[in-house]
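Structures incoming, each one as structure tokens.
Look for chain A in each of the two complexes below; its partner is chain B in the first and chain C in the second.
What follows is the complex of A and B.
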């Protein structure tokens, strides 16, 4: 474990840029902390934290003036690895018929500030897109070239429950370098060969035992501070056994089916593909866009939506995340980041919905 | 995933809205599939849709799709003529487990265009007829105009390899055969076979499959040997886009053919 002076954080960004990476990280924008290109550590939202609750997100000043005291904004790294809008290929009409062309990805990107839950979300999307009979090429190209700088959380947000989902608050694996921000210094740990190469270029020294125990205390503090809990014991079976529970009707009455939860969720992967033709009708593109199981069109077949009620769509989303994801990928689809709670305009809370169903296990609609 | 370029070699009209397109790869690449699998077909400027493969599994260089004109993409596909090009990705999905029926009786139930994904099974059966017991096809069409593969149905009926029963939902002056929904033929079929040892493949509209399943299971067909081909919105064909989920299944890769034993718990849930 190495120690880096706080003033030298920009050297990490510089070293990554010298290695040919475009550095992307958290910065202030659109009234929130969002991800974008970073030239130096000056652009980080230093000294800002958020107040997060169901349906509520407010930025506020933090006298501690840390670089990474905030937790999570509305965006996740999926916007880079699984872009919201992506041209899959272009088609041209030619004398021989049709010509298909796709572009390869050549950029090298580095993500600075990947939280533990975010790292787990990336690993979950790896399973969806890569560990398959037909790996997804656009995701694969981006994922293979990305350099990940993890950051261990020093605070928990009001909607966080990564302790329950065992996906945080401390990074376990998958990133290239892990940062832990302490009072005076950063702790740095390299986890890959390229991580070691970048770390080797920084003016670090061996971390003191005092610093290591400060990090351990900080982790304990974050665990105690978790805003929420989710009882995951037998949760998948519980939900599958309660598909006719009256709570689905209740939550369906509150849900606006806006799809915010699916947009902010770092593991939601669904997309639709649209045909976009030029005005002359000679060239066309297949464009894929994030889609949401909350839209009525999502299950459209021969003119009928298979899930016409809000109740059915909310149930699909939540049971997929917490139950059927296990059947599909041998794990839960939730990383406990709490974004779906914070960014829900009516404050629907997945942990609360699960708790109510557990409390009244076996209840069912009167009419079914 | 970029489609492969295919060229239409022949078009035949199956009914007023349904056409079968025979095509071959422009690059001369052979095409192989298993009965029940589907391809994603791309029509320039319109889009891409999943279409079952309806031709013979033993031809290397051509592939047949039977397309019903119901939307923008399917219309564009049905308007293709010999020499025209389209894109093809596939084959995708798990097809009919024909091997499960070897040595035993096989019951095929089709409704409407549901006969298209079952036709390759019939070809496979006819190709090695002695490997199967009795093979029965129950086919129901809405009306005489909507019947598909009429010529072949006659051939199969006239031959001795299949026992074919056809019914129409709506009576017609030119129709002397059975009238009624396809499930009304189940009892007749069950008397001809040993239901408890038979394998059944069902394909048709959702309501037809639901009632056919119920009927066949009631007549003693084992749920683990009763298979249906399910349809959902599909945009990628490879389990990434999420649209075709049905409970824990991605129908594009875990299906479209699913055994009833696995399905039963999910069938009880509305709007799944």
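What follows is the complex of A and C.
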């Protein structure tokens, strides 16, 4: 474990840039912390934290003036690895027939500030896109080249529950370098060969035992601070056994079917593919974009939607995330980031819905 | 043989027809593919019907319009309505919430010269419509997509889902959650490209109700944010006031 002076954080960004990476990280957006290109540590939202509750997010100043005291904004790294809009290939009609062309999706990017839950989300999407008979090329090309700088959280947000989902708050594996911000210094740990190479270029020194115990205390503090809890004991079976629970009707009455939860979820991967022709009928583009199980068209087959009610759609989303994801990928699809709770315009809380179903396990309603 | 295009105007501001002229770069290509046979906004040259594709702008507000739309339908193979007026009555449908005779006496010196219908209605209440393109005004890209789909004999890629999905795909920060700004995005159909949220404003619902609008749940949220019943009634009563989901919600909050 190495120690880096706080003022030297920019050297890490510089080292990554010199290695040819485009550095992407948290920065101030329109009243929220979002991900975008970073040229230096000056652009980080230092000294900002956020208040997060169901359906509510507000930035505020933090006198501690840390670089990474904030937790999670509306965006996840999904926007780079699985972009919301992506041209898969272009087709052109020529005298010799159809000509197909696809761009390279390869991008040498470094993500700075990947939280533990976000790392777990990336690993879950890896299973979706890569651990398949036919790996997804656009995802694969980006994922293989990305450099990940993890950051252990020093605070938990109001909607965080990574302790419940065992996906945080401390990074376990998958990133190249892990940062822990302490009061005076950063702790740095390299976890890969390229991580060690970058770390080797920084003016670090061996971390003191005092710093290590500060880090341990900080981790304990974050664990105690979790804004939410989710009882995961037998949760998959519980949900599968309660498909007619009256709570689904209740949540269906509140749900806007707007799809925000799926857009902000770092593991939701659904997309649709459209063929965009040109007016002259000579060229065409195959474009894929994020889609959602909350959209009626998403389950439209033979002119009928398979899930026409809000109740059916919320149930589909939640049971997939927490129950049937296990059947599909041998694990839960939830990383406890709480984005679906915060960015739901009406503040529907997945942990609360699960708790109510557990409380009245076995209840059913006649209409379903 | 090129397909014949006709563009028709009913009660409207002409803004949606202008979107067609706004196509600029694509307009010449479009004119290469389609014979512009009737489009008074652009040319006084009129070719007789029948027409392969009719774009209809505006709502039905007068007895004359009520007759005219029947004739246009009978002359058109495909009829596509464009814009909030044609698809849900438009801003002039606000008069449906009151007695039109009260307006006539205030607005016109000689109300007896005015021939109008009691209620303003969308085109689909009068004739069969093959496709409805929403918006006040319509989005140029979506208009080209409809023309494109027609030319390539496929279904238009026009989503009916919420504006939120378009907003999030664009990477915008939710104005409701992060700023507390009232926004109709969750109940409004996508299509504009999340124009207002991109400028830190809430959505005004120009594209009308999305496929499954839960206006009651959103209205409750607006109330929690401090909006009065009258204000809630008004946000649903703008460009698409006559669209059933918005109309019912506005009536629920009318005082």
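Operating definition for what follows: the second predicted complex is superposed on the first by the 364 of 368 C-alpha atoms of A that agree within 3 Å, B and C clash if a C-alpha of one lies under 4 Å from a C-alpha of the other, contacts with A are read in each partner's own complex, and residues count from 1 in each chain.
Criterion: contacts are C-beta pairs under 8 Å (C-beta built on N, C-alpha and C of every residue); 3 or more make two chains touch, one makes a residue touch a chain.
Remember, predicted model here, so these are calculated numbers, not experimental data.
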item: Touched partner set for A:281, first chain B, second chain C, both or neither; value: both
item: Which superposed partner A:302 touches (first chain B, second chain C, both, neither); value: first
item: Touching partner for A:293 - first (chain B), second (chain C), both, neither; value: first
item: Touched partner set for A:89, first chain B, second chain C, both or neither; value: first
item: Chain B versus chain C as contact partner of A:134, first or second or both or neither; value: first
item: Touched partner set for A:256, first chain B, second chain C, both or neither; value: second
item: First, second, both or neither for A:97, with chain B first and chain C second; value: first
item: Partner chain in contact with A:200 - chain B first, chain C second, else both or neither; value: neither
item: First, second, both or neither for A:20, with chain B first and chain C second; value: neither
item: Doubly contacted residues of chain A, that is, touched by chain B and again by chain C; value: 274-275, 277, 281, 291, 308
item: Chain A partner contacts - residues on chain B that touch it in the complex; value: 1-3, 5, 7, 26, 42, 44-48, 70, 84-87, 231-233, 235-236, 238-243, 245, 247-248, 250, 253, 269-272
item: Chain C partner contacts - residues on chain A that touch it in the complex; value: 29-32, 34, 55-58, 73-75, 79, 84-85, 253-260, 263-264, 274-281, 289-292, 294-297, 308, 310, 342-343, 345-346
item: Residue ranges of chain A in contact with chain B within the complex; value: 88-89, 91, 93, 96-98, 100, 102, 128-129, 132-134, 136-137, 243-244, 269-275, 277, 281, 284, 286, 288, 291, 293, 298-302, 306-309, 311-312, 316, 320, 324, 327-328, 368
item: Complex interface listing, chain C residues touching chain A; value: 26, 29-30, 32-33, 144-145, 147-148, 151-152, 154, 157, 159-162, 164-165, 168-174, 176-180, 183, 185-187, 200, 210-212, 214, 216-218, 220-221
